[in-house]
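Here's the structure, in structure tokens; my notes come after.
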């Protein structure tokens, strides 16, 4: 593995850098637009110049760039503060699923608009009774001629309120074992029969929604994969989810906490001189560095044509807990004042307090720590699956505790 | 809960202290005796004066002392370096089992000699294929008239080589489910048909043995409990085992490591001034203190007539890992010299290195960390048992991987 | 007896809805609950009878603290009882005690301790709040219950070094309070600006840090009991959910990952509780071991509550971080209590200081 | 290519029986294996061709280090190659290099570094070993491979401060070696007493600590690779046992307690390995980031190996701590390597030093 650019990579980086320098929107261009508007403006600009979703094939609006080029681009783009999170589910999860399972007509219709940001997608998998047991979903679709009729409730849907389309898995046959009675669809989120309610989190934010379906109708042509093949299709989406969620934890990391520790005193000296503080920071630095180079290694593997494995689960498993502990530690460094959550009064605009309140979600969304550890144990190490009491039992007969 | 002696307790403490002062054997008295000889000398002296197994009823050689008095006695006796570990299994595990399950004749015959130290007992439960799954034992006993014929192998038997008697569980019916085909006996360890081989540990010591049975005969009168009731009897023994093994870790604790840190320098100052060292020591102190007062609380409960619960598992679960980490930490404090295991060259006579090599055994013997956590989860918190694939299946049909 | 009484009282008067109302509303505490607590005599627990109190011991107060912690009570109990009242008992002159203790006992006045001046540990070398000629000038932030307190005990410096001062809050523009948002809105906090406020010396001049240390040692035990109570409640909530919630056809509490997580909570809680018993004994008997016992209680209680509160959310999965679930109460309170009288790191350091003293 | 070759070679020449023979015997290393390693040219890997070496890079040496670590090889490779050889390359005069490097390359001489003088971190302020007029007096303990080394690089003080010295070991009573028992008898250690031994300055006088730091930065990456190799082997052993061993009618590897334990091992090993890749890159390119990359590799590798080696034993249950099982190899070696060029705590401190330098 080489940690410096090859001549071709350096040339690509230069090109990307130059384009960004000339094209990143100014504050004035963004003025008056909400988060969605800002994101769409920037995405369209990238699309028009061939810098959107650069690893996608050109026919779908991409650039056919290599994985390494993709990382170089992402690194360079990340040097600016730019909107774009609203596209991550559509481009990161829905698009790969469509590429693998949709027919050519659907691909031609939807993928370019996903790349250009003109259409935003969301994902509707989780349900109240599901949790880690995703396949235990109950929202049902019943066939009625060339259409399906959907009834039930999804939850934890990010961006449902501003999305144009959504991907979802539904129970089409409760009489067969859990994983076998599911079918996968994409739907128009603006169609009748859908009601969206925001879920307020303990951080005070509401990034997720509950989505209720009442006799909502969807054409059979919007089915991805065969009837009863929904779980298989969903796995395509999920493998991409874990790669795209990543470590999280925002800006709380060794860089920020180290700088905070320089400003805070212990025994009359900067906290960075305190051996206990140093030891903690050193351990976290090892984790950050290890995660960074692990993702580079996964990338090298990718560029050698290997498929990235569930090794990516490491990022989420380690990163979320680390961010929680670091936020807690940064709060402690401030002593009593660490409790203050007012951005005007608290260090770094209350970033540590905000992270502390938001992070419990990151240890859960997209698979809990416990599920991640299971994935590593089973799929990487090849250890046996947990004993399954629901195996082979018709879905309708599985114990639920309810 | 009160942490000071009541007047009665103070009087008892004074009496115990005075007796110890007058009767603890001098080095010269011990001279020329091996560990077993020394232990027997001291035990007999206590017994003759009414200070052996003081919480036992007087009829069995005890003193009928209260739990609090027992702790006071143990605390006072522990102030001297005295032998006695060879009796802990007999007095701590075999005796309570005999008290509950043996007939009066057997109690009268065996308990006083257990108290006086004239007879040493061992426990033979574990088997090579068993491990945490104790009830999976295979050593069999077949009935032949008024006798049973034993064939098979036990392992991890402490003190088999110097024991007079042993308690053991045997499979008397492999055609019924695992826990139901067991029967409990006590045997004469000097009888024919027994072969004892020491097991060398990674520490270099050999505290355990393998014990082989070849057509060994035992009278049916030495059965404790009914045929097939062996598991129930074994539970009596095991509940007492967990209480008697305790935390372990010998002398490696905050006291010793703090003193070591005073003698070792970091950046030209005693390591006790290093904030990272202080933080680690503080955490361990909290654990030590917490364990100490938890056992006092269990004791208070005992003195109020309540049965001590599996809360004692905490001691072993926390204590063994803590001792391992502290030994490792103390080695690190010495830097390169920490690797030296020569008692003449290494700090505190290589106590940290010896503990480091011995401690992996303590995290396993008497129930692994994982089993202790299960016990707490199931018996204290009431969480469901692990899914059991061997439940209700005849023992001979349970998968073994072999 | 007292415990059952306290539990019954709080079950009736401080159900989760009361906590939630303060969390979601504009009030800094639940006034109704506070009034009833006063009626129960809890604020008077350890005030001597001669000053209008009940003259009970810290053992009784520990029981109350644990129960208040268990229900995450939104009241200024710790500020008024563990800190302001004790500061007066510790260092007040007879006049000062006669004037204030009866009012604190009856709850006529809420007291608090104004110590922090922003990020970091306050000490004689870095505090800026200054007394001169009986008046005080400077800013304290954050101060728990600043907006509802009638009396504050203030750490400030003067010619003789750091000292404690008694300051009546009702002094017009000389004592200005601004509310401050914290991680735990169920407990009010504020910033106090003293601008030439009348201040009376409490205890000997220049002895502020010594008094504060003594005061915090005492308070550490009582805070630790609140933390242990909260940690226990978080464990119970997690356990309840783990038994009810099914995944893959069986309760999630039957998976070892969850079982061992809850077993770990239980272990940490039990060790912390045992340390707290010892702390309460040392506190109630005035034993020399108090500094060590207090730091031990405090460090282990901080660790236990942080662990229990975050892993309770984790056990709940997605539900755990929704606003409508109560898991957040423990998570917020755990963090607030962990910094409110000095962080884990500060108390680890104090623990070893005390240990060194005991060894020497 | 190199990796497959190394694995094949070590599978043939360093099976567990070879390690066990040294553990249980009187030898300080396996001489047969060592000779074959020399024949493979491994000792010559990073020695320039002009001095009889192969002139390969640290990337190749990293691969060899990992594979030697994986099989817990009982040979003086680290002392002679990472330390003595590199010290000469770093600070030796042309004459010194010409004299010693070819001998180290061909294995004619085993080299070592004599740094420690007993408990604690050696530094300019506390070392007692002293040079004066070209002779050295003092005691070094423990010194890896002291009993088999022909050459030692010694940290000692003189009028100009701490310096490094080259000392030939064959000097009769002037250089006396006594064997020292350590936690890991598969690697020989000794005490060296220098009594007026001939010593030659290596590098500039008074620059001993600076040189040593540079040398240890380099060695840290290679030690870390050995540790990662060992940690990986421990994980594989644990996994193999967890699949084979049944409890309660199913493999113990199907219990979450064991699954998650092994997943944690995998996570720690993977992060350490990734850091080591970066460390190897920094080492091979002479990048400015070497101090930071080295400390990061070292700290994470120490933690990964300690965890993997102790939890491998734990996974094995009773078998794990018997002498006849090989789990002990990793446990012993993990601890030895964790202190041999400075402890986790020392490297955490160096990591933050380096981080501060990079930030500044």
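Letters A, B, C and D mark the chains as written, and numbering starts fresh at 1 in each.
In this section, a residue touches a chain if its C-beta (ideal position, glycine included) is under 8 Å from a C-beta of that chain, and two chains touch if they have at least 3 such contacts.
Every value quoted in this text rests on a predicted model; they were computed, and no experiment measured them.
Colleague: Of the other chains, whose C-alpha centre is the longest way from the centre of chain C?
Modeller: D
Colleague: Write down the chain pair with more C-beta contact pairs when B-C is set against A-C.
Modeller: Answer to which pair has more contacts is A-C.
Colleague: What is the distance in Å between the mean C-alpha positions of chain A and chain D?
Modeller: 42
Colleague: Based only on mean CA positions, could you tell me how far chain C sits from chain D in angstrom?
Modeller: A distance of 51 Å separates the two centres.
Colleague: Pull out every residue in chain C that's touching 2 or more other chains.
Modeller: Touching at least two other chains: 250-251, 255-258, 260, 345, 348.
Colleague: Can you list the residues of chain B that touch 2 or more other chains?
Modeller: Touching at least two other chains: 266, 275-279, 370, 373-374, 386-387, 389.
Colleague: Sort out for me which residues of chain B touch chain A in the complex.
Modeller: 266, 274-279, 387, 389
Colleague: In the complex of these two chains, what residues of chain A are touching chain C?
Modeller: Contact set of chain A toward chain C: 126, 131-133, 136, 155-156, 199-204, 263-266, 268, 276-277, 324, 328, 331-342, 345, 347, 353, 356-357, 360-361, 363-365, 368-370, 373-374, 386, 388-390, 393, 398-402.
Colleague: Given the complex with chain B, which residues does chain D contribute to the contact?
Modeller: Residue positions touching the partner: 115-116, 118-122, 125-126, 141-142, 180-184, 189, 191, 244-252, 255, 257-258, 306, 310, 313-314, 317-318, 320-324, 327-328, 331-332, 335-336, 338-346, 348.
Colleague: Please give the residue numbers of chain C that touch chain D in the complex, ascending.
Modeller: Going through chain C, the ones touching chain D are 255-257, 260.
Colleague: Considering the complex alone, what residue numbers of chain D touch chain A?
Modeller: By the definition above, chain D touches chain A via 239, 242-243, 250-251, 253-254, 256, 258-260, 262-264, 266-267, 270-272, 274-275, 277-278, 281, 285, 295-296, 299-300, 303, 345, 347-349, 351-352, 355-356, 359.
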